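Chain nomenclature is as follows: A, B, C, D, E, F, G and H, assigned in order of appearance, with residue numbering initiated at 1 for each chain independently.
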Amino acid sequence: MGILNKLDISVEQFESGNIIITSMDKLLNWSRLSSMWQMFFGLACCAIEMMATSASHYDLDRFGIIPRPSPRHVDIILISGTVTLKMATRIKRLYDEMPAPKYILSMGSCANCGGPYWEHGYHVLKGIDRVIPVDVYVPGCPPRPEALLEGLIKLQDKIRNQSLAKHTA
Amino acid sequence: MGNILTQWLGDNLLTYILIPVPVLVWVLVFALYAVLGERKVSAWMQNRIGPNRTDKFGLLQTILDVVKLIQKELIIPNRADRLYFRIAPYIVFTATFMGYAILPFSSVYIGVDLNLGLFYFFAITSLSVIGVLMAGWASNNKYSLFGGMRTVAQIVSYEIPTALSALVVVMLAGTLSMQKFAEIQSGGILNWYIFGGPGSVIKIVLIPIMVVSAVILFISTLAETNRTPFDLTEADSELVAGVHIEYSGMMFAMFFLAEYAQMFAVSGVVTTLFLGGWQSPFGDLVPFLNTPVFQVFWFLAKSLFLVFVMMWLRWTLPRVRIDQLMTMCWKFLIPITLVNLFLVGLYIILT
Amino acid sequence: MKAYFNHIYQAVSTIMVGMSITVKQMFRKSVTIQYPEQRLQLPERERNRLFVNMEDCIGCDQCAKACPVSCIDIETVKVVPGDIVGKTGTTSQGKKKALHVTNFTIDFAKCCFCQLCVFPCPTECIYMTDVFEYSTYTRKELKYQFSDLTPEQGEQKKKMLAEYNAEQEKKKALAAEEAAKKAAEPKPAENKGETKTESDNTKES
Amino acid sequence: MLSNFGQVLVFMIISIAFIAVAIITAKIVAPRFPSKGKYSTYECGEETVGDTWLRFNFRYYVVALIFIIFDVEIVFLFPWAVVFKSLGVLSFIEMAIFLLILIVGFIYAYAKGDLYWDKPQPVIPKLERQIFKSEE
Amino acid sequence: MEIGLNHYLALGAILFGLGLFAMISRRNAILVLMGIELILNAANINLVAFSRYNGLGVDGQVVSIFVIILAVAEAAIALGIVLNLYNNFATVDIDEANTMKD
Amino acid sequence: MSELRTEELTINMGPQHPSTHGVLRLVLTLNGEIVTDVKPVLGYLHRCFEKHCEAMTYPQVVPYTDRMDYLNSMNNELAYVLAAEKLLGIQVPERVEYIRVIMCELQRIASHLVAIGTYGNDAGAFTPFLYCFMDREKVLELFEMVCGARLLYNYIWVGGLSHDITPEFVTKTKEFIKYFRPRIKQINNLLSYNKIFIERTAGIGVLPQDVAVNAGVSGPTLRGSGVKFDLRKDDKYSIYDRFDFDVCVGWGERGVVGDCWNRYIVRAYEMEQSLRIIEQAIDNIPEGDVQSAVPKRVKPVVGESYVRTESPKGELAYYIISDGSLNPYRIKARSPSFCNLSVINQISRGHMIADVVMILGSFDIVLGCIDR
Amino acid sequence: MEITDIYNKLKKVFGDGIGELKTDVPVSPFFFADRSKINAVALFLRDEESLQFDNLSCLSGVDYDKDNLAVVYHLFSYALGHSLIVKCLIPKSDPKIQTVSDVWAAADWHEREAFDLVGMVFEGHPDLRRILLPDDWEGHPLRKDYKVPEFYNGMKVPY
Amino acid sequence: MPITTILFYVLAFIIVVSAVMVVFNKNVIHSAFALFFTLFAISGIYVLLKADFIAITQIMVYVGGILILLIFGVMLTTKITNVELKTKNLNVIPSVIFSLGIVTILIFIIFSTKWNIKQAVENEETITHIGKALLSTYLLPFEIASVVLLVALIGSAMFARKIKD
């Protein structure tokens, strides 16, 4: 059960050398990075740019990213916008409901650290990383679609260099 | 049995076990590339490109999707009913796959040529209803339950127009064997049942009836496979993802697989009934095009065209509401098919 | 009965119209910009990451004041006599710089790219660039340090000022009047006056 | 050797085996990081209110009910359609009578509104007192 | 052992027994209905078995079709009754409904 | 005795739900598929706009107004800026007025495109959604050319504009007008007049005139109910009185007046009218300096102002109280979506779940505007 | 109708319930109404044939001065095309005011918002709960003396 | 052992086990789902008996129809999770004894009777025979069946309407 859990150890044991595991590693990582299904989920202004990114001009589908509404089917959650305290608990819950290899991309200033609302925003969570672990921060307010794509490519790089099963979960 | 594998391998148990394998392989390949195709078709219709980062044309995309899905954690929610939650995907996929048994891929390759073929197909595919209901109920999620219920109501009521419009062909052909349907329609495009089937010139009167029947059959199979505009069961804008909501990883993939498998299965049936099955459209004019290998090609081409039409519709139309769906069935499809049935009966008696 | 068939007719015909539109679109060229390989030509007014040209910055704090988000953090140290800022001690326009900018950070995790900080700058040294590809794995990296002084140098400058001040104190004790005059000198009031005239120029551009 | 239905059975077994293999592979491979929130029921990020397994819409039952009658009718129609050509006019009339009787039922159910799915019954809001008078 | 008529009949009998048990011991009306369905199925198995082994030929099968039809009609009507019962007495417990009548 | 009624089922729609247009949560009480009660739960995006403004200077508020209704930043800026200018007594140059009108109308088109697209998406048609976004991208290109940002512009300033327009902008805008006319028709053919779509929307969520007015509904939603009222015509703020355009109302072309379809189609018509306004304005932009009236230090006297404007969503008003200091004492935004959404419970009772989605979509709400 | 006419009309009917008309304030004139009469005033404004304020354009709660809160009503008449501003002062010690949500449905949510953010209590409101902030939030943020809480639900609030 | 024998035992096993589950399960909806397996396996038995038409009819009508109706009935009537078997001991033991008794007697009779076994002609095309039989020999029951169905339809629709009002 959960070979990926256990292989974690074996990778360390064999360290550099076990070709099967490394190439397996590569395949698995490749598959994870090129089929990141995204949670159909937007928060604020950044969500509009996220939508624009998935629309024809920038086409997230090229990266194998398709929106799925249910958290059970998704791999990545794009926190696109201002996270308020009221919403934070819900996001945490949604994040919890995602199955294991899962990634978070924080998009825009608000999700990074409260953005323009960091000073006086009594109801804004100052950074989504206070609630859930973040893999990549994309700056911008809102980030251009290209910037989001660049963030996703960064995330792909991160996954590519992962060893088996050492994902954030 | 007329099966090519029996001829090659002889009549032993191994052969019989091997017969379904090509079909299974085809289902898998088809499902993988239909998903990709769907994404590509939608992309083209929307002036996009579609998956192309994995390789130049994104051909590996869905394979990688599957590899990824294998790595996903399988979650069974606490509140779910564990046993039936697990069983449901089996039933859904098996019911669909068993339907493939009677699809005549060519004159020599068919899973099994039951003489009750068509009847069997309708019966066995309706089994998936139970699986969906099980999944919806066992997830213990309101959206799932709603989705499950809707699917059942939808599939169950559309079974009637499906069967009734298929009966038109059965009446003309006088058989239920899928292989015979295909055989009867030999001799070129004009002998397909959508153009009235083989017969003398008087069959012209049949053509409108048959076209209407074919369209109705297509529409109701569309509804049975839960495709847009009838995809109420997983309507994202209302029910989030319907019965699939709580399924993750491979279990979800099975539902997905079943959906696409069913798309091809019903297209295959429509093809066999109305579009001449594996018959070449040129009939015997070009005998070369009617060899078994080409037959497979024709069958796949026709079915895939129907699958394409399904996708085309999906990316064009909004979705209907549940009561409109039901009204459409009871108010439009069933009366029209009944009238069709009557007219064809009259035609047969009069000729 | 008529309505019945009208229903069917309308359904069929509108669906046909819709389908013809989508199928026509299928043969149009796609509009997608394939991002990493293919880039848009961004307009020159593009507003993305800020850049501060420290050569020219006089540490006047105007930009930080204008920022609604207060994401610009400027710390300045007065120049002691004998020391100069940077290499030349003047901006490229030849204005004298009277403050060491020991710390000039812009936190791009907070910035809302509103461009309000750009206009009041008297020396036009803070401006927006078209760099948008700087996403990171950690949030700290988004805090950009523009000051060309390392923290050690900053400490040193502070120390220098403190020493200088102490010296002044001492001198003050010796000669109160003289010291008072000298202490006032490093923050000249003319700076502010200049800012205003400068900002007029910037707005026109 | 195997009868036709034996072949069907093989189809069934193969498909079940396939799913079993797929899911078991996934089970073996997939990681598991149980956490408290993971197994909660999804409802758009909110806590589920009330029980899911409730009595549900009565309509679904009625649809199933009417379907089942028609289902039987179809069961009769299939053998009839197969032999129809060889039996000729008489069977046509027989079937017509059979169908007619059922169609009577269908029309009855239709007229009584049993076939209607719950239609939206919009409640158009009204003010107790007309306040706003349009210019036109 | 070669499977013969007896086996099918025995299977039918067991099914019948189970259905009977459900009918008399379970008090949930719908379970009683399920019991009835089991019994009808048992009967059908017998009919078809006889049609195969006892020369009943196609007749046995036709009769079993009629049995299925009866089952349908019975299920439809009986469920209607059960639902009405439930509607009126808010229970599907047969005994309870019995006592509530008076 | 209990009846065989379906038990009332409470179901949460949102905050994470594909069709709530953001983080709105609707608590639906269902009887079967019929909705008996809708309780909107707001505040998932409450970003403390009004509190923020109290700590900002007047020009610094502008970026925050952008973020209020993020689909529609220009109009938000304009409304706020008009209120501030009224307080300050600033008269802006002609050129600025013209450019503001052009920008706002372009923004109106962009905003309506999103409304129409997402509405199609709610109905289950994904393709029109992307077509709309494709066209919207063209508008955004224009904006980006002028002010460098795609979504949140900070373009309209108190007393002026942040940048002047370029000649290229004028030609590009003209091109856009030419390109966009047929596109509206295409969208109408693909979606608006599709039988299924009409079936889904016509006669759904009927909002009678007097209820609408009483509930403070405004904008296309109000005009969908047949009230011929448009602040651009009836209040004549900025220079809208110089342009010739029609106020579009739903007259029940399909369905009945005040239903979802009419609310929807008003937007499609309005895009056409916006094009007309732009056409008239783009050729007549007078020369001038766009920043000549920008005050150095914005410090109004004690007082208050309330300015209503017609944003794509409806009546958008800013109420500014000044205490004579650099920072506003209180800014209240009267957001159109907030008022429009408040009628949802009244008009969706008795509909089905799918209809609630359609009704919600027909208001074209933006959560940033509702929660502020 | 001119504002003075409206004012005089109201003054005639409600007498003391209406404060004096302030026209010297830049931008737009307004008058105060008594908080315990506001419902009646509102009803009169709506139903009087010559006034017909059928639309409550905006209702804002304001932390007015040291000891007063205020509610500001911006009224508009679609039928006659005129508008009006009415204010109500509410002492902070006893922040209660009559609701107008039965007169204009639009007031319903606006009053909830004012309650939520400024903290005045609308008597007779059908459903006076917090609308934007979570139910368990403490304090009313738009008061001038509001202190941002340190923690909410275990999440740190300040940066 | 010939394959049919194995199949028979497998199917019989499934039937009996799932039927037992139907009867003894606490949760009515579990019973209903278990009934699915019973009915499905019974159609397998029909296949073994070379009655393919009946087998498919079984699937179509029972599994696709009656079972769904039953499940819907269950879902309509009860709070499913709460439905417990409220049987008093008094009721169970006598009925077990009674049913067991009947089953034993039946099985005894079955195995002791000398059945008149005639191997029927294997006809592949059962459907034509059935069709012909239906339209000739069994014409009357056939038409009556339609009346029965009509009555069932109208009756149940009436019940349904009564519930609705």
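Keep this in mind: a residue touches a chain if its C-beta (ideal position, glycine included) is under 8 Å from a C-beta of that chain, and two chains touch if they have at least 3 such contacts.
Keep in mind it's a predicted model, so treat the numbers as computed, not measured.
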item	value
Separation of subunit G from subunit A in steps, with touching chains one step apart	1
Furthest chain, CA centroid comparison against subunit E	C
Whole-Å separation of chain centres (CA-atom averages), subunit G against subunit H	70
Whole-Å gap between the CA centroids of subunit A and subunit D	38
Separation of mean Cα positions, subunit F and subunit D [Å, integer]	41
Residues of subunit H whose C-beta touches two or more other chains	52-53, 57, 60-61, 64-66, 68-69, 73, 75-78, 127, 130, 134, 145, 149, 152-153, 156, 160, 163-164
Numbers and ranges of subunit E residues touching at least 2 other chains	65, 68-69, 72, 75-76, 79-80, 83, 86-87
Contacts with two or more other chains, residues of subunit G listed in rising order	54-55, 78, 132-134, 141, 146
Interface residues, subunit A side, partner subunit C - complex	56-59, 62, 109, 112-116, 118-119, 127, 129, 134-141, 143-147, 149-151, 153-154, 158
Interface residues, subunit A side, partner subunit G - complex	85-86, 88-89, 113-114, 118-119, 122-123, 125-126, 130-131
Contacting residues of subunit E [partner subunit H, same complex]	1-11, 13-22, 24-31, 33-35, 37-38, 41, 44-45, 48-49, 51-59, 61-62, 64-66, 68-73, 75-77, 79-84, 86-87, 92-93
Of subunit D, residues touching subunit E in the complex	61, 65, 68-69, 71-72, 75
Residues of subunit H touching subunit E in the complex	2, 4-5, 8, 12, 15-16, 19-20, 22-23, 28, 31-32, 35, 38-39, 42, 45-46, 48-51, 53-54, 57-58, 61-62, 65-66, 69-70, 73-74, 76-78, 83, 85-87, 91-92, 95-96, 98-100, 102-103, 106-107, 110-111, 115-121, 123, 126, 129-130, 133-134, 137-138, 141, 145, 148-149, 151-153, 155-156, 158-160, 162-163
